[in-house]
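Per-chain residue numbering starts at 1, and chain names A, B, C and D are given in the order in which the chains are listed.
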Amino acid sequence: MTSFSARRVRADIPQLNRLIYDRPITYLDSASTSLQPNAVIDAMSRYYQLRHANVHRAVYQTASEATAAYEGARESVAHFINAPGGAGEIVFTKNATESFNLLAKSWGAKNLASGDVVLVSEMEHHANIVPWFQLRETTGIEVRFIPVTDDYRLDLSRSEELMRGVKLLSVAGMSNVLGTINPIGELAALAHRHGALIAVDGAQSVAHSATDVVALDIDFLIFTGHKMLGPTGIGVFWTREDILHTMPPFLGGGGMIADVRTDGYTPANGPTRFEAGTPPIAEAVGLNAAVHYLEGLGMTNVTRHEHALAADALSRFDEEFQGRVRIIGPADTTDRGGVISLDVEGVHPHDVAQVLDQFGVCVRPGHHCAKPLMRRFGLAATVRASYGPYSLTKDTDVLLEALGHAVKMFG
Amino acid sequence: MTSFSARRVRADIPQLNRLIYDRPITYLDSASTSLQPNAVIDAMSRYYQLRHANVHRAVYQTASEATAAYEGARESVAHFINAPGGAGEIVFTKNATESFNLLAKSWGAKNLASGDVVLVSEMEHHANIVPWFQLRETTGIEVRFIPVTDDYRLDLSRSEELMRGVKLLSVAGMSNVLGTINPIGELAALAHRHGALIAVDGAQSVAHSATDVVALDIDFLIFTGHKMLGPTGIGVFWTREDILHTMPPFLGGGGMIADVRTDGYTPANGPTRFEAGTPPIAEAVGLNAAVHYLEGLGMTNVTRHEHALAADALSRFDEEFQGRVRIIGPADTTDRGGVISLDVEGVHPHDVAQVLDQFGVCVRPGHHCAKPLMRRFGLAATVRASYGPYSLTKDTDVLLEALGHAVKMFG
Amino acid sequence: MTNLDDLYREIILDHYRSPRNRGELEAPPAVRVEGFNPLCGDEIVVYLDVEEGVLANIKMTGTGCSISQSSASLMSAAVKGKPLDQVRATIATFKELMTVHESTLAHDGEPARVDLRALGELAALQGVVKFPVRIKCATLAWNTLVQGLDEAVA
Amino acid sequence: MTNLDDLYREIILDHYRSPRNRGELEAPPAVRVEGFNPLCGDEIVVYLDVEEGVLANIKMTGTGCSISQSSASLMSAAVKGKPLDQVRATIATFKELMTVHESTLAHDGEPARVDLRALGELAALQGVVKFPVRIKCATLAWNTLVQGLDEAVA
């Protein structure tokens, strides 16, 4: 067990030294994107300064270094999620959203036909909804939604009915709006019992808890660099080698081919089949550094730390605002992460966030790319505060102080 | 006219200080990817250190700064290519290859039907071939190739015949193998005379010469950040607003929607319709810095400098190797850029490059993602040396010295 | 907090708390148009009655922040019962207020080209341009109105 | 240049200049398989005659660098006329040579687990593993052979 100190993490993150309107920044938007430690920023700078070159296609020194760095990132990521087949199962995309498009438009287009059901949930991010709608337009699949209960959990009471005709169950490990942590192991068993596969949107969960694709017994995992202390411009798509192997190409171009003639082409094998064009090389270097950094912290430490922050915050809203601030998400702290959506009575989320900004508090107002969930609860938007490994109780203090002002101003 | 000095450029590029096997690096692989000046590397580091946040969806200070930085990059890029409709015509993708997939699978899928012809050339990069083959699979379009003459130019002698049934002409501004600069203005007139549109693969040309989409009268322009002193992980797609406006969505997810319901979605308008998920924010910051840097150098200076280097090199190969080293590309230096492909008699390109590596010379052996062109000339691969604004005659000197060794070794 | 007071003027908070012209019109005959701000989830539905070149009636429903709601309310009060050319002129002036400011923000000067008096109460929204991300909130109702007018006269 | 001499041993240059078993076999009855190295454009076509558990004949055409060509030539000499189980054993040993080295490169030690004597002339290719990007050149022919054997016995 590594010893964990959020203060030590803070010291590694340059943006936390910033002042906003002469106040220290209070960063509570990690569910949207995380801040980066120097280890990540510097790894990318050093890459550009010393060894930037295109990968795969050259024999000179810096090109082999760049290739080794890029492929090394694949290894690290494979290890981080315990991919059984190792680096050969890791595809780098530009973000989680592209990974979902790859899932829908390569695996989905090949394996799903009219009438087949893709089961998602009402709490999914648009990234796990819109690609399925697009696939529906071309193939006639059905996109079905697992309802969300009034206490913000997946309603699996009618799971047998829900699973009828389902070929793929695709759900978030953790909701980016509610903080709800879904029972992935259970859902995997459910899917497999019905002969379906399961895909997990790990965009939130992978950054905040240990993820073991073998232990979870899942078939696809998707996540994104910029939410796990890594850079923008890189996402991950994981599936087992035996599935990856059968997936047809997605984007076409250089790097993903074995041969191109004037009359056709032959796709390459392995992850590169899905990596058309010059890949995100510096971004892979940054992601590798982020993974190492997180492993250094210990993911169980990260989970415990953020859980404690969330539990503390949840207990304080009621006390402080006597019901004027409603939590949109589970009130109890079991199976719940550090994402807290708020509805402030009579004050629009945009206005709340605007007032909070004046206190240096960074929170996100809006639908959080989860409009079906918003509609489910009759909301247009929420104010969302979310924690990272560098967050402190002090951040909650400032949040509560600023919220108090917002309530007063529009009261 | 700005005064231009390649030595001053070199001083800005940290990788040029590297030693390879105790020799200074001789970087001659700019056609594959360029090196980055400190201005670009530092802009990205500073972004992560000070203002990284997700764009578009928040009101707090760093989020507005990040949004301004991202949208500011769009403005710079629009200005750089003289986009008539400004920033609203610039779509950021992950690389030129994704941009071509967007062209084929959004504009192409909507506007092309069975029997319609997309006219490319035998000298195209796979990025401008494979997406059309993929579209052919789903729509039955015809993909036709403009032949390349024995002196490495587009053979337009039968242009009327070639243009029959063509809806889109899609060609490279400059070949990444031959160095040939294609007559884009002329081709645009040809396409328009036949009621076709024209797309230009500017991956090579935009980095080495001034590009004005209005003066060229083209309809689509595609290029990539990492070949123009910018970072990996970002590409550009430009088209006129009236065309962009009619293009259906491509990748689906957050950010590209106006609304999502459980029964369907409405796409957003403008470039964001094609930017699903968290975009390459830091990469846009880096590209912005690269564009400013290039504008500071003056693109006409860059063109002139690289042209002089190519002319000097071309004149020296024959003298030095008495025909044992053949140039695969135009021998004359009109309409020709700083990309020089070589065929060394009796020595495979991989072996040439391996020997060159020992001299710190970075060149690329291979098919350069242009297999149809390789077949056209009965080659499996070439050795390619290519110049950038930071190249010097000294680089050519080392190249020739190292080539001499390779020839001797396998002689 | 000076900054904030600039944005949230009393008039704005008043129109937010008591919005004018809330409600629906039967459509048809009225024109009904929807507007979204995809980035923040704000929605608006505008109903228009155009009769003989005059915007005879306007009603609105929807949800949004104080800026988008008060802007809609202020807009409805400013255009209701006005001849269409005058409505269009008001729209143009308001849009100029939003963009002029945005581009001259750095200079922090007064919006020379915009006649603030012509805007009446609408001028209260000028503080918005100091908060560029909120401009979209302020213009949502206006863009929806433009769309509605185009449909009404089509 | 020590490095380079390690890679380009005399045996390798010899097999490159005078490749063994170049040519084609009529297919069928021979099995014909193609191999590509998509990254560098190398191509190889391997023809196999398998008769009663013996790799009776092997021929090859194709283009490639000195490493891929000499590796193919050395391979053909090593496996021609050999019983299939012996062929598979040679393949396994060769592949181990390529991977053992690759993963222990940092330690710069000898490939403890590989019996170099069993490889004969093939051992000349051990220098390749110091040049990781060239390993794919050396293994192209071998991977193609494996594919051909699978087809021949299918």
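The rule is short, and it goes like this: a residue touches a chain if its C-beta (ideal position, glycine included) is under 8 Å from a C-beta of that chain, and two chains touch if they have at least 3 such contacts.
This structure is a prediction, so every number in the text was calculated from the model and none was measured.
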| item | value |
| --- | --- |
| Longest centre-to-centre distance from chain B, chain (CA-based) | C |
| A-D, B-D or A-C - pair sharing over half of the B-C contact pairs | A-D |
| Whole-Å gap between the CA centroids of chain B and chain D | 37 |
| Computed distance of Cα centres, chain D from chain C, in Å | 74 |
| Whole-Å gap separating chain A and chain D, where each centre is the average of the chain's CA atoms | 44 |
| Numbers and ranges of chain C residues touching at least 2 other chains | 39-40, 131, 134 |
| Where chain A touches two or more other chains, by residue | 21, 57-59, 63, 257, 259, 350, 354, 365-366, 371 |
| Chain A contact footprint on chain D (complex, rising order) | 36, 38-40, 131-134 |
| Chain A partner contacts - residues on chain B that touch it in the complex | 14-15, 18, 20-21, 25, 29, 32-33, 35-36, 40-42, 44-45, 48-54, 57-63, 94-98, 100-101, 104, 122, 125-127, 129-131, 133-134, 145, 224, 226, 231-235, 249, 251-257, 259-262, 264-265, 276-283, 350, 353-354, 356-357, 360-366, 368-369, 371-372, 375 |
| Interfacial residue positions of chain A with respect to chain D in the complex | 56-59, 63-64, 67-68, 257-259, 266, 268 |
| Chain C-facing residues of chain A, complex | 21, 348-351, 354-355, 358, 365-367, 371, 374, 380-381, 409-410 |
| Residues on chain D engaged by chain B in the complex (per definition of touch) | 1, 3-4, 7-8, 13, 39-43, 63-69, 131, 134, 137 |
